[in-house]
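Each chain carries a letter (A, B, C and D) given by its place in the written order, and its residues are counted from 1.
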């Protein structure tokens, strides 16, 4: 209810602030019997963590995860899995002076209005740092879904600011700091360097895909698979738009072209993005999100102070010139958390879930 | 959990099928003491109901609502408000033949895969007809929010197929069948007539706005106001994309331009669409959604039958050539349901909610 | 959240007031494919309904149930099952005069304090009449559990006022108006007649039992099977105490006698009442509840009026001299709703649930 | 859903196992602005912790709590409060041999059946040690309720095994190891010494009381205040029975005696235990619970091993001869968690909650 738990059957409760002693989460509902150790979780955390290239914040955080519960003799027990990540490289002095003003694009103002107080250190609870525990929880979800159904999750960069990025191959994604599916990222590097020197920031567009998704996941009216994906994606810091399948392009499509025709060999197209009537079709889940430019920039901005008087604010400290860059593993993780939630719901309603089916399961013949 | 209840503190449980005896909902959590009668609800239902122009389905439904509980001597009692709408113009014969095939773009296939059976009559549970009870529940939410905070909800058409619609004035919206904010809709009428004659359909883009929204609504991490709006909008039949504020345009914006500067007179711009860090700023909530073309078209489509054999399907019956047209009051209603949910949550956490505040409430000085 | 929905995976949302136009519920989460019609539900409603003997209220209600949705061609579709029961024998004049006073033992005072208003007609929302929709929902749950696991639910009277009732046989229960497991109920009839003539009422003690319950239902910490049973039973009107297994007798037991020893042939005893560590053992679930005397009696009682002045109140109208009598089918229904909820949860976590197992499933050998 | 979160608006998510590295909880929904530090929580933990007298387990645990988040500059921020308690005195060797058998009265068997595996070390997740985080969370709830409404929570021992304990005064409770409200506990000490020497254990009966409870807390049908109290109490390890107010004594009461008459000076009696129609009356909440004898005893017991063969088990290790003794602060804490949950719900529905009212609030005159 207070918005710190994601999911119901696979429920992840997140806690911590950017500059507090620790951040973490409690995963409740992970099925028992799955082999699990920190080494299953750390790789995704490492993909998200700061300080890995000159194009992201230089804050140095190991993001080392500790499993506090829910695993016995190397296997999940079905009881809550608590994950702890200690903060190690806070520099709160960076933020002391801005406690008196409201940074444009930041949650400073809304937090103060909602709670009557706020933790200004690194954005406190509003920091994207709180996505780390979700990436950790997503790694647990990914492992279970892969072992159970062969489901996999991938993400890549589609656009950074003005530069659209063509899709060449998933193989390129791990080999550049932008999660870009292209071999040559020199243009992106030059673009980012210019932007950083200008003390400005830019937005980005990310694509996330789930493959080998069981058919039949999602509820018809409100907990639709696509609705829950939209909820999950719009919940990622700085996201302002979400598309499933054809997305906004469907506005100018015709009924004769949009509808994906089923054939004996499967669906001919995937304008639906893997969801029909809120329920998974077994095709790839195709999601695209828009991420706004980083609000923390060193260029001076017009604002007001706590007294409501006009003033200027400059955000020093160490920030990502494009928060979208590190959003790719986050989008994958959130997508995995939505899929596992619905896989468990489907089991509750209809017993064990089948893996992706042929267009028509023999049981219906 | 099974996806038929929307909201938690203001919870709307929806039931019924397109061609069953009745549809309706139970509203649980409406605060006591508000004057309420069918006449508060019927007008919004009439805005959504079919058969009102040649540009929508010709199915004739009065959509007459009956309040079964929760109101005593003309005022809400704080107990569940059950709303019943009897179906009157079902023509199930229209659907008998398509029970053996899967209509492209429809939920026929996913329902069968999920449940092992489906009600083919008018799309059964997957029909947009089930939005009627939500429009009714939204009318109750709108009334309470207006009386308590002066909050208002409006929606209009932004684009139909290839025709973008400029915003002239809200005053035009009630005076044309397209909810278009323009005086002259002759171009739209011609476009729709051509489309209908061609036996095809088109998509649409809708805008929904909430004004006088209290500051501080929404939770920081997961039940963010924008995330819940995305969830609500993507849950509307045929919606494939959702934007808040600048939406996908923020991808190409710069940090120096996107961030809305607070001033002593209020925010200078509203790229945020009224939400910062998941919490309402008190500015207008600005939402835009993409709606796919109607899947029910009389043009023949490639598909398969229950045996998995190639075949063709033609969808007869009475359908909207552009489902987006009737989506405007639905989007308003869903937005109202999100806002009232968070207004009640905010009361739970912080006591009575203030109406939209000046940039800085005196209590913080 | 507002307390009108019971369960999460098998969620029953209840609506209506004693003297409103109708009462009913929406069942969300019933698995698809089960044969269901009104005739599966009506028998349990008939066991609970008033006017069936001189020992219960003389209000004549047919309690005829109508299925509004969720069933197609005689089988559940997995979508919400809405059940409607029209009220037919309201006599609101009976209640007009007591609207100005607070009846001792009734919710008049608390409703007014909570909501600022109340529906005094027949107790409004606080009437035990609202248990009828739960009995209907329980009948649906019972049917699914019996078909899936062979689970059965029974209840009987253990004590009425001062008269303890020995357990002779379940066979006697349907053959007397008290649900008493004895052949001769003449003493009970005489007791009740005396009580009624005296214008007084008495309490009762009810036993409810579930047999063939799958092993492993219930969550360890908070949604324990026994905790949810206690919640369900204490939620029945007039219940003041709940026991599982040995209950309060366990206070004077020793560890050497209380613990039920597992043997190759099963557990030797059932002091646990079928629950260990919050999880079902596969033994019978044994529940006992205390029901307070009916608060509606014609004997004059001291009270206050709306002005807070001392006065007297006499409750006319048609009332049960022992509300416990009709509570037996209600207790069975609520127990069934708890068991089905946990059976579905167990499926979500661990896949399909096994029926009651031998002490050790071969899979663990 | 998996039973490790208590509450919705004031939600406490519990994690850990008896012999894991740590136990703890995340409190989500604590209103912002309350002064809070470890020193507000530690005292209640110290009342519950083991090793404080010869009458409880000799396991030495400091139960030192660390606040990981949700507090900034000494005040709650409205974001999740994570509490961590490291385990320090595990002796897992004590449990190694019993991993092959099922201890009567323990959850060994049901955990294995439910999850297919179990952590046998100190009972793993089933250990009463997991009540420590709830006592910590309860301390936070108590503080807020006291500051807001002056609500207080007290508990005492009513009976240990065969020895009923008369109520002399609350003042005695802190001054003996049994939480007994009597000056002289020599009889209890002798009784416990005899029991311990006999290698046996006994049950207990505990009373918990909340005073200065706001009027109007609780929902009419399912989330009744009494139902939620029953759920909370039955969820405490080893509890087998719960009573509210007169409890089982109400079975033999008459309507003319049970109903509590309102007077201009307040209610004349409190058979209701502070709840009418599921809603608080403003009187003391009166709860009584039955706790079964400790299942861990050194006397040999008949049981079976993992192969299902007959065998004997002796539970060595360090155990409480009467788990009821340390249950008093736990019962208080759980009662506080129920009350704060409903206080926040009431705020959501009806705005700020009034403190306990006169029989009739002036607003109704």
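Rule of thumb we're sticking to: a contact is a pair of C-beta atoms (placed from the backbone, for glycine too) under 8 Å apart; a residue touches a chain by one contact, two chains touch by 3 or more.
Which chain is which protein? Per UniProt: A, B, C, D = Chorismate synthase.
Computed from a predicted model, the values in this text were never measured in an experiment.
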item	value
Maximum centroid distance from chain A, chain identifier (CA atoms)	C
Pair with more cross-chain C-beta pairs in contact, given A-C and B-C	B-C
Distance from chain C to chain B - Cα centre to Cα centre, in angstrom	38
Centre distance in Å when chain A and chain C are each reduced to the mean of their C-alpha atoms	45
Multi-chain contact sites of chain B, meaning residues that touch two or more partners	1-2, 4-5, 8-9, 14, 29, 32, 78-79, 114-116, 125, 220, 345, 348-350
Touch list for chain D against partner chain C, complex	1-6, 8-9, 14, 102-107, 109-116, 125-126, 130, 159, 161-162, 200-205, 215-224, 226-235, 237, 240-256, 258-264, 268, 271-273, 275-282, 290-297, 299, 301-304, 306-310, 345-346, 348-350, 357-361, 363-365
In the complex, chain B residues that touch chain C	1-2, 4-5, 8-9, 11, 13-17, 20-24, 26, 28-29, 32-33, 66, 68-70, 72, 75, 77-82, 84, 114-119, 124-125
Complex interface listing, chain C residues touching chain A	1, 8-9, 29, 31-32, 78-79, 220, 344-345, 347-352
